[in-house]
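These notes open a run of structures that come right after.
Here come two complexes built around chain A, the first alongside chain B, the second alongside chain C.
Right after this comes the complex of A and B.
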């Protein structure tokens, strides 16, 4: 009897707990869509885009869909907590899928945010990272990106969608960024966001990749160089579009010489060739693609023409890659991960050269081989037959 | 912790630990053959009064290990998902069923553990499989087996005390109906434990890389946190925590049971079950007092635990086995025949 009484008492006592002690009612919370980390040189600036409660069914939607809040403090943790001084709800930080880093912070010191990124259990490793170029995270969060309700969510969709459309940039999540920051022989790069236009016409756009060296942003890659970098990273993009001139035409290109090629798949291998202390990077790319727009007047049915187009396409891809390598070497930042590749294939050599790697990297020659295969011409066998 | 020492080759060191693990199994099986009494009574059987004193130390060591596992579990929960829940409540949540299990008998614990294994394994494998799809890089495992011999030996040493937890077989074997199958069972346990651990570490290294894995407090939790099922089911780490909780329950209760049973043996008590509540209270308080912070806790796990448990679980059994090789002992096969439960 006493045993049954004890068990009953124990079971009833669990009701007093009311679930976990840190439980929170949904009505007391607000969903965080994106965080912004920046600095003014003296303090850290923390901003967040938060979703406002949508109208109930049948109600007209009139008010704003989101709010942007900002705070400054010596640490991001304190700035985020200080939001509670003006925010009546508890922010759900772990719901955020995007983090935008201000250019000033990126150029100053990435260690100012990597610690909170790894220490804080409310920040996930799969959150996407961007650098706000020439603007602030807070300004980016203010921009409306129809048909999306929130720029934080829009950024995630834009970067994901473009990997199969324009195919210039690749998404970088927190885990990949931290991996490249903490592993020797590779440096991180992040997509940059800029603001275009003024007032209501302001729109955000991904433009270039921020290049880091050690714990600082040291420069950027342009569109061509960014595509080159994406091509050097297996699976970074799904498709991309690039233009070549009609084979055999010299001089400045005119619109009627243009052929647009869609790259549909690629395989890349980067292997160091080492003789003594002489290092050469052998890069081999095998790509496939289609003609998606052809304004020229040649006959792509002919094998020689098709071959010439393939060679021109390979040349164009090679130019992108070379341009990326030149810029990375100029910035002294091994964003391609050549050092990592050497450390994996020649660990003894890596132990010797690791300390001097930035200087060695800048002078490493590369041997780039690109093979391009034309697969389809879509619904048109040849150029459109004009009368 | 292991990744700090052996980096991307941590998983290989786990596999390499199978070799000293086999030696350990050989020693344990040898001790079982040469002893009439279950552990720790076998110490008294072979060493007399000195053995009884050593057995008393073993009681403390088992209690210490149960506290250590419990504290690790509390740290894990309070850091990862239950940030504001008082540690006392977390401890109660684990120990109340633990006390109930110990008081219910060894058979109940064995059956519960069996069920837990079949729940734990598929969920753990699913979690590892899903986590490994998040931007994995198999190249993170390269260069294969490139590490200093000193780091390699230290890593194997760090792993060995975990493997040596199978010392509880020295007690449990005497309640088995099929003692002749114990060596095969131990071998299976050792290999499956090594494979599972190596696989888990491999997934962590492939997903996070050695540098991130070594700096992270709970790297397995990190990869579970970033796992995404079918691209949209996220935030599933509480499931991972639940799996972990089941495993920890078995670890803590195993050593609590052995501590209670050893106390009964050392002090010639009639039963061990009434010791469940006082032992549990000791473990609960000790788990709180064991260290003031998480950092201290990890230092204990890194430096003190391998030393203490290596001494008691590896060195003493080996020394005892060597002693018995030179001092033949008549074994009473009637005693501890496997037909009697520890409750009788």
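Right after this comes the complex of A and C.
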């Protein structure tokens, strides 16, 4: 009997400990879609895009679908808390899928926001990070991105979708960003968002990757360099499309001298080759792809044509990778993670060179080997005869 | 004014309780007097006195209850032969006990005839629909099986419908029900013991099992528990559930009710016992385990792939019926980050302006749903559908429009209701309905940890229950890998070689192993 009494008491105490009051009803909350972190050099600027509750079924939709709120304070925590002075509902910070970092903050010191991000349990590790290039996070949040209702969620979908379409940029989440920021031998890179057009025609677009060195943004990669970086990161993109010169021609053709190739899969290996203190990075890429557009009237079924296309495709990919490496070395930022692979394969050597790594990295030669295999032409019979 | 009775004239009247225990007297008049006392004010009792023999020298009396005895049979095969044939038979000895024997052997053409010795037996037999013949000079009576009453014909079971498989169901007449079982199991190993239980009701309770499969110790325990029942009346098989259950103080039913003879036979073939009560169309099957509540008889009548898929669907329905409203409440009240943004906004739009917390809203709707279900059961058939429509459509729609409950919660509760209807057994769905409220409360207070705690408590309780010695969660706990494949999915019949484990089972093999191809 005493046992039963104790169990009952324990159960009741559970109820009291948990407490019905700890629950938060949906109607008392507001969904945070994205937050932005920026600075003007003196104060911190925290902004957030919040979804307004859609009307009930059958009711006409009037008014905006979201609101953007901003607060300025000496610290981000204070700025976020100050939002509650004007918000009647509890913001659900943990529901945000996207964080946009202002360029000024990125160039100043990313530790200013990574510190609060690691301490705060309401910021999820799988939230995606972007850098607002030439604009501010709150300006990005104000933009409408049809058919999406909110730019905060649209950013996530744009970057995810393009990894299987254009295949130029790759997403970076908070967990990976924190890892690359805090690990020697690798530097983070984040996709950049820019605003194009003016007024109602303003649209947001991903353009380039922000390159970090330590806790500061030091420069950017362009589109070609960004694809080169994506190719050096296994599984970063699913597909990509690139153009090659028409085999056997030097100048422009009748319609176009380009053949568009769709890369469907690739494998990359980057191994350091070390002789004494001479380090050479051996990069080997094996890629497969298809011809998706060809205006050259060549019969791609012919083996020598197909081989020429394969060589040209390999050359194009090699150019992208080289361009990326050159830019990274120019910026002294090991965004490819070569230092990390040396530390794993040659830990003793890494201990010696770790302190001077940025300088050493800038001068490391690379030996790039690209193999491209053409799988199919997407044609059932012959090339469509052009007149 | 006081009446002063004369000495010697006062008859001492024996109370009926004592009278009934007396044996049959050789003096017919004494028997008639006693029976008149016992049958006093029993309007349907028929006491027919007549004389036998050429000389009409032997008095006898025939007793039966009108309405439960076959009057035509009594007149044709009892009274007529007695009046006509007894006069024609020269050798008929009309003296006492020999007279009764002569009547049984030479006069009556009825098949069911037996001697009885006490007034209690007379009362039991005539109450059961038999006719009893008493002859002057004999201290025994002759009971003739003339039971007959109007009853429901064999109909399709209303509560356990199947598309494939047999369509016949038990009715309120025990003999019909035993016939339905005997037709399917044509073996003398099928035992059907009749136990008379109920101090006043004297109800025939049938204990059925297959002798060379069912564990004898288990049968003995059931028989013993049934015989120990000292209740005044047994009106339905449900009265017996608590008496034969190992664990009495629980909502987890340890027996299964069925009105399907095929289901009963399947249970007997697995070594269980079936208990049937005269006057009840529901057979009581024991031992039963909780996972068996999710198995429909139909699973075994269709292709094993389809049977398995529908069984898995039923398991999912079970979890939905048990926990769906609780999960909804827990996630919308405590764990918002688990909901995708689009869904959260959809939920937010339906909950905008609702004055109650989600747990109260769920509780109110669940209560309304249960009320509708309960009212729907009791309503006359003519207005039942109308009230259901009013309840489901009009009240639901109006409540949503008035902003009392959210549309999504109506969907959740309706889905839960549909899921609970997928559970094949009524008493299992009752367990789920009761448990659902407890889990809902836990979810409202503690969120997902509350649900997990409530489910754990439920599991611990079930783990502690045995049904006639068989663990209630068997074969999941204790784990029996060989039998799991016939619980989570439906095993093809050729692979169903062994019966589910029962402590003390005499024969575990359903069939000899099927030889492998080429082997």
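By our rule, the second predicted complex is superposed on the first by the 356 of 387 C-alpha atoms of A that agree within 3 Å, B and C clash if a C-alpha of one lies under 4 Å from a C-alpha of the other, contacts with A are read in each partner's own complex, and residues count from 1 in each chain.
Following the convention adopted for this analysis, a residue touches a chain if its C-beta (ideal position, glycine included) is under 8 Å from a C-beta of that chain, and two chains touch if they have at least 3 such contacts.
All values derive from a computational prediction rather than experimental measurement.
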item	value
Contacts of A:205 with chain B and chain C, given as first, second, both or neither	neither
First, second, both or neither for A:176, with chain B first and chain C second	first
Partner chain in contact with A:345 - chain B first, chain C second, else both or neither	first
Contacts of A:157 with chain B and chain C, given as first, second, both or neither	neither
Chain B versus chain C as contact partner of A:124, first or second or both or neither	both
Touched partner set for A:94, first chain B, second chain C, both or neither	both
Which of chain B and chain C A:51 touches, first, second, both or neither	second
First (chain B), second (chain C), both or neither touched by A:31	second
Interface residues of chain A shared between complexes with chain B and chain C	20, 22, 94, 124
Footprint of chain A on chain B - complex, ascending	79-80, 82-86, 89, 96, 134-135, 139, 142-143, 146, 207-212, 215-216, 222-223, 225-226, 228, 234-235
Residue numbers on chain A that touch chain B, as the complex places them	10, 17, 20-22, 94, 118, 121, 124-126, 173, 175-176, 178-179, 182-183, 340, 343-345, 347
Sites on chain A touched by chain C in the complex	14-15, 18-20, 22-27, 29, 31, 33, 51, 53-57, 92, 94-95, 97, 124, 153
Sites on chain C touched by chain A in the complex	332-334, 336-337, 341, 344-354, 357-359, 407, 444-447, 449-450, 453
